[in-house]
Amino acid sequence: MTGIVVQNIDRAAADVIDGLAACGVATVHEAQGRTGLLASYMRPIYTGARIAGSAVTISAPPGDNWMVHVAIEQLKPTDILVIAPTSPCEDGYFGDLLATSAQARGCRGLIISAGIRDVRDLTEMQFPVWARAVFAQGTIKASLGSVNVPVNCAGAHIEAGDVIVADDDGVCVVKRADAESVMKAAQAREANEGDKRARLAAGELGLDMYKMREKLAEMGLKYV
Amino acid sequence: MTGIVVQNIDRAAADVIDGLAACGVATVHEAQGRTGLLASYMRPIYTGARIAGSAVTISAPPGDNWMVHVAIEQLKPTDILVIAPTSPCEDGYFGDLLATSAQARGCRGLIISAGIRDVRDLTEMQFPVWARAVFAQGTIKASLGSVNVPVNCAGAHIEAGDVIVADDDGVCVVKRADAESVMKAAQAREANEGDKRARLAAGELGLDMYKMREKLAEMGLKYV
Amino acid sequence: MTGIVVQNIDRAAADVIDGLAACGVATVHEAQGRTGLLASYMRPIYTGARIAGSAVTISAPPGDNWMVHVAIEQLKPTDILVIAPTSPCEDGYFGDLLATSAQARGCRGLIISAGIRDVRDLTEMQFPVWARAVFAQGTIKASLGSVNVPVNCAGAHIEAGDVIVADDDGVCVVKRADAESVMKAAQAREANEGDKRARLAAGELGLDMYKMREKLAEMGLKYV
Amino acid sequence: MTGIVVQNIDRAAADVIDGLAACGVATVHEAQGRTGLLASYMRPIYTGARIAGSAVTISAPPGDNWMVHVAIEQLKPTDILVIAPTSPCEDGYFGDLLATSAQARGCRGLIISAGIRDVRDLTEMQFPVWARAVFAQGTIKASLGSVNVPVNCAGAHIEAGDVIVADDDGVCVVKRADAESVMKAAQAREANEGDKRARLAAGELGLDMYKMREKLAEMGLKYV
Amino acid sequence: MTGIVVQNIDRAAADVIDGLAACGVATVHEAQGRTGLLASYMRPIYTGARIAGSAVTISAPPGDNWMVHVAIEQLKPTDILVIAPTSPCEDGYFGDLLATSAQARGCRGLIISAGIRDVRDLTEMQFPVWARAVFAQGTIKASLGSVNVPVNCAGAHIEAGDVIVADDDGVCVVKRADAESVMKAAQAREANEGDKRARLAAGELGLDMYKMREKLAEMGLKYV
Amino acid sequence: MTGIVVQNIDRAAADVIDGLAACGVATVHEAQGRTGLLASYMRPIYTGARIAGSAVTISAPPGDNWMVHVAIEQLKPTDILVIAPTSPCEDGYFGDLLATSAQARGCRGLIISAGIRDVRDLTEMQFPVWARAVFAQGTIKASLGSVNVPVNCAGAHIEAGDVIVADDDGVCVVKRADAESVMKAAQAREANEGDKRARLAAGELGLDMYKMREKLAEMGLKYV
């Protein structure tokens, strides 16, 4: 089951991907029924980035980044690399040279449930990364892994071509087949939130806006 | 013991609260005998904020943020929300809509021993948060908790109306009844530190300034 | 074995220290055969600093920072303080007064496998720190430790006078005796990387540049 | 606030303490409204013990077990020692000599949010301990703490004389004033559970026994 | 996607399930290409149990165990319950009453990436559990989850009817469709291991038995 | 620096090794000035074992156990294997086949700052192991490491031939050159402890036995 590179993967439409990026992780996660979040230990190396793209997945042996070179050849513009080691490892799989190569092919960023290094260079290049650890420990190139097979990354099941959305709140995966409907649901939530935000900013209480008082009283809430 | 909202709480004087904010967490913590710190996993979502305010506390069921809406009605200007889930939970209880509502009532920030989301929006709004986790996982509104009851937040016992001080060093709670005396002790430390800082910057050694050499020799310190 | 201050330590040459700083942690770590990294929980309190210096080591009792005052007297310009508690402790051993004193003696920064406080002041002073925790909990001055003895700091064995390199990727220690040869190996890597970076940026693939295709095929990699 | 030994503390009645022990942690915790649990990292050093007793509390400096000797003099038969360091510390505060001394005074066991050592001897002596860590690192006797003051132990607020219940499920604290009513509520739960257990063992489903089917259907549960 | 109970699930053959149990986790994991392990934090509540069974899965809201009652009705003899909360939670979802009910239906044990309680009773009943935490904190019955839908449990993707194997080494999942071939591969490994074990016990070295010396020399291993 | 096997190592005398084993970890650690403990996450796979032996060290690549076969040839009766991966890894490096081979050569046990598997078999064989994790994830045999070079294992610096002492309290390393003097100091402590234990068991207080009352009063301890 190892040593396989799937070359042709289906991707979501570009406008759907960009639509999801604009909504951000929290809204997208809500819009698809609160599923698809990666674990909270996946943190951005710098703040402020918000991206979406199609997942090019890498199942990598612990401490071995050989497959990253293989995967870079499979990247198309707007893709996002997703690296999942097959056992826990915080080694630095990825640094500025690989980022230069990935960026040259239009890659929008990296999601990795392992370590990352050259953080200063990556920040200067504005190549965003969400990683489990920052660690300069290098890796080797000795064993095969696979590219574009399903992976378990930070607790989420990700298949090649699924849409990844990432921002300061973390990382969320949207199944490719659901991407358009999730985008529409997310945009609907956003539209709805603008109005709510204005009313709340004006001092209206959520208790009134959402008509919660009666239900709270019925459940026994007591003011003392 | 659940389902209670305490409406009238006593608060410390505004000048005392602001005096404590000016001193910051490390000094206030020293000034009250090294007590009152919340655990070190409570980290700010952005650096540079330094606030103090009266605690409006929320004891919340895990994964349920209904009581936050109830608590917002109890906020007065300069208050700080303190949310403690009753069992470990890193769900995102609080985001930009709740922050908009809290900020509209003059709330200075949030302390939460659980998760937070919409970090980018909260940063833009300059609504400071000290949280245990950043996680986009949403919450429900199904069970009652309580507002303005004593809570255990990140290892500290906090009662409604206690003064919360928070900055890049973490979060500290000052009992309301002690707030004025702690502020004075903290200010005295500060005054004292200015002089020390100048002498140390000029190259004087702490060994001499604090007259430590004799005691160290007596305890057996050997220079080789 | 406690209560000793070693006063005369050997240091690496200044140009070697600065040469190592310019290369950064990831390159230095590679150049010395992937050894010498401190654990990944050692994080900088602010991003962007890149320093190197000679280690002045402190073996400190848990929760007791008395030896820091003793060590500051031993600092020479460009040194770096290295504090290792003898049992796990996240107390804040070091704050702005000690930093003022250390900076006055030319100290370039602090590496500490325990806690740190006054983060805002340290950031304003541009005194860089790599620490295990930010925690305002104060320490006492009651027990002796030692200065300039070998310590185990965040999993690395460090002797006084070893060269410490630290940046956003973490912290690495270079044995004093190896410092010059490691610097040369690191500089050679850097020279080599500039060319690779340009080729990768132009779109050449690592698969071709490093001639990996044949070996991957031989090991059984399958494209499907 | 440090350096105080409170000598006269009130204790719950012996039959109430023993009644709580017989019910065990999970039942007692339910009976008092799901409050009072210490954090789940408090684990027994051997399985099978189930005890209750009055808390004799120790607020100890990190790495300093001097106050344990002071507290042992305050022990009365059936008491339980509760040790809480004032900052995180996994040093071994307590071993077989202290256990021998405590057991000689009728002490039933130890709850400690720090480290413990001599585990093999303590097991042979059948002196039960619930601890955060097993660690042979010794402590010193240099600084004062306090005895029988309120402490925060593993996230719970404990006052001297409160009843501690501990078994393989963890540790729970019952306020002294509530001990009798909690015991009665716990015993009522137990009586009730015996009948339920028999029906469930006979194959009756909780869905029927608790009449859950209708409510589940109403909330929208779908069988497919 | 919540509130669904899948009633008819396919299961592997009974002799295949028992064959996998006999091989144990480490061998089964090897036999299926080193895939399927749950995270190492899944620990048995008592040692010595070794079981296999068909997964009846529960996707549960955090802190809410209502779906466990629903799932128990779906259990057939030799099944294993698999509970995965939808966000991190160490509450005690399961205790002796639920175990009595599950055992009455022939359930062989429980795998849960959350908390468990009544450990002493479960041990006496010999109802084995692999859990993330032991914690007496109770749960509520307020929200729907789903039964027999795919879940992510401790980092592994598990579908209803997959075979779970669990022993002192941890927990492994075998896809239902692969169960027979994996069993055969595991049995072949076992047969092979008996011979190796005898030779190693007699003093033969792995270096010779596996003919490693030449390859090691070729890679440059030096004896000094 | 990798790919080296040091064949001739010096060992401490057999009676010294056995004398240290008889004293146990806590006493040995005290006797050598509270140094040499490995981190508290090193836990025994079963309770009750107490061993000492000469360290045969293995510096292993993450996820690669090839060097264990090489090291077994270097084992002499009463040696203890010490495995330290060069980057964090919880893979199961060692199981029942390797234990059979090691035991055939007289090896007394294993210390490993990584994972272990076949726990049930190892327990039946009474081959004691202190490990960081139990995890069935297998390893490969692809890269060289070294044998009998200095390693950093769980935070301690260990050289080949150093004496390892391990029991339920954890693991401690004694420098070979210090072994005899540490044994004598440990035995002296033990002799001394027997008398103290008898007096404490008879009800004498440590406060009196160690004459602490006066010093405590002098430091300001107040009885209220």
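Which chain is which? They are A, B, C, D, E and F, in the order written, and residues in each are numbered from 1.
Here, a residue touches a chain if its C-beta (ideal position, glycine included) is under 8 Å from a C-beta of that chain, and two chains touch if they have at least 3 such contacts.
In this text the structure is predicted, and so the values were computed from the model without any measurement.
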Quiz item: Along the shortest chain of touching chains, how many steps lie between chain B and chain D?
Solution: 1
Quiz item: Between chain D and chain F, which partner chains are common?
Solution: C, E
Quiz item: What are the chains that chain A and chain E both touch?
Solution: B, F
Quiz item: Counting shared numbers against all numbers at the contact of chain C and chain D, is it over half, same, or under half, different?
Solution: same
Quiz item: In angstrom, rounded to a whole number, how far apart do the mean CA points of chain A and chain B lie?
Solution: 31
Self-check item: Rounded Å distance between chain B and chain F, as computed from the means of their C-alpha atoms
Solution: 42
Quiz item: When you check chain C against every other chain, which residues touch at least two of them?
Solution: 34, 40, 86, 88, 90, 137
Self-check item: Chains grouped in pairs wherever the two touch, ordered by label
Solution: A-B, A-C, A-E, A-F, B-C, B-D, B-E, C-D, C-F, D-E, D-F, E-F
Self-check item: Residues on chain C engaged by chain F in the complex (per definition of touch)
Solution: 1-2, 33-35, 40, 86, 88, 152, 155-157
Practice problem: Spell out the residues on chain A that touch chain C in their complex, using ranges where they run on. | Solution: 3-7, 46, 66, 69-70, 72-73, 90, 92, 95-98, 100-101, 103-105, 115, 117-120, 123, 133-138, 141, 144
Quiz item: So in the complex, which bits of chain B are touching chain E?
Solution: 61-63, 86-91, 135, 137, 140, 142-143
Practice problem: Under the touch definition given earlier, write down the residues of chain F that touch chain D in their complex. | Solution: 24-26, 29-30, 34, 37, 40, 43, 47-48, 50, 167-170, 172, 193, 196-197, 200-203, 205-207, 210, 212, 216, 219-224
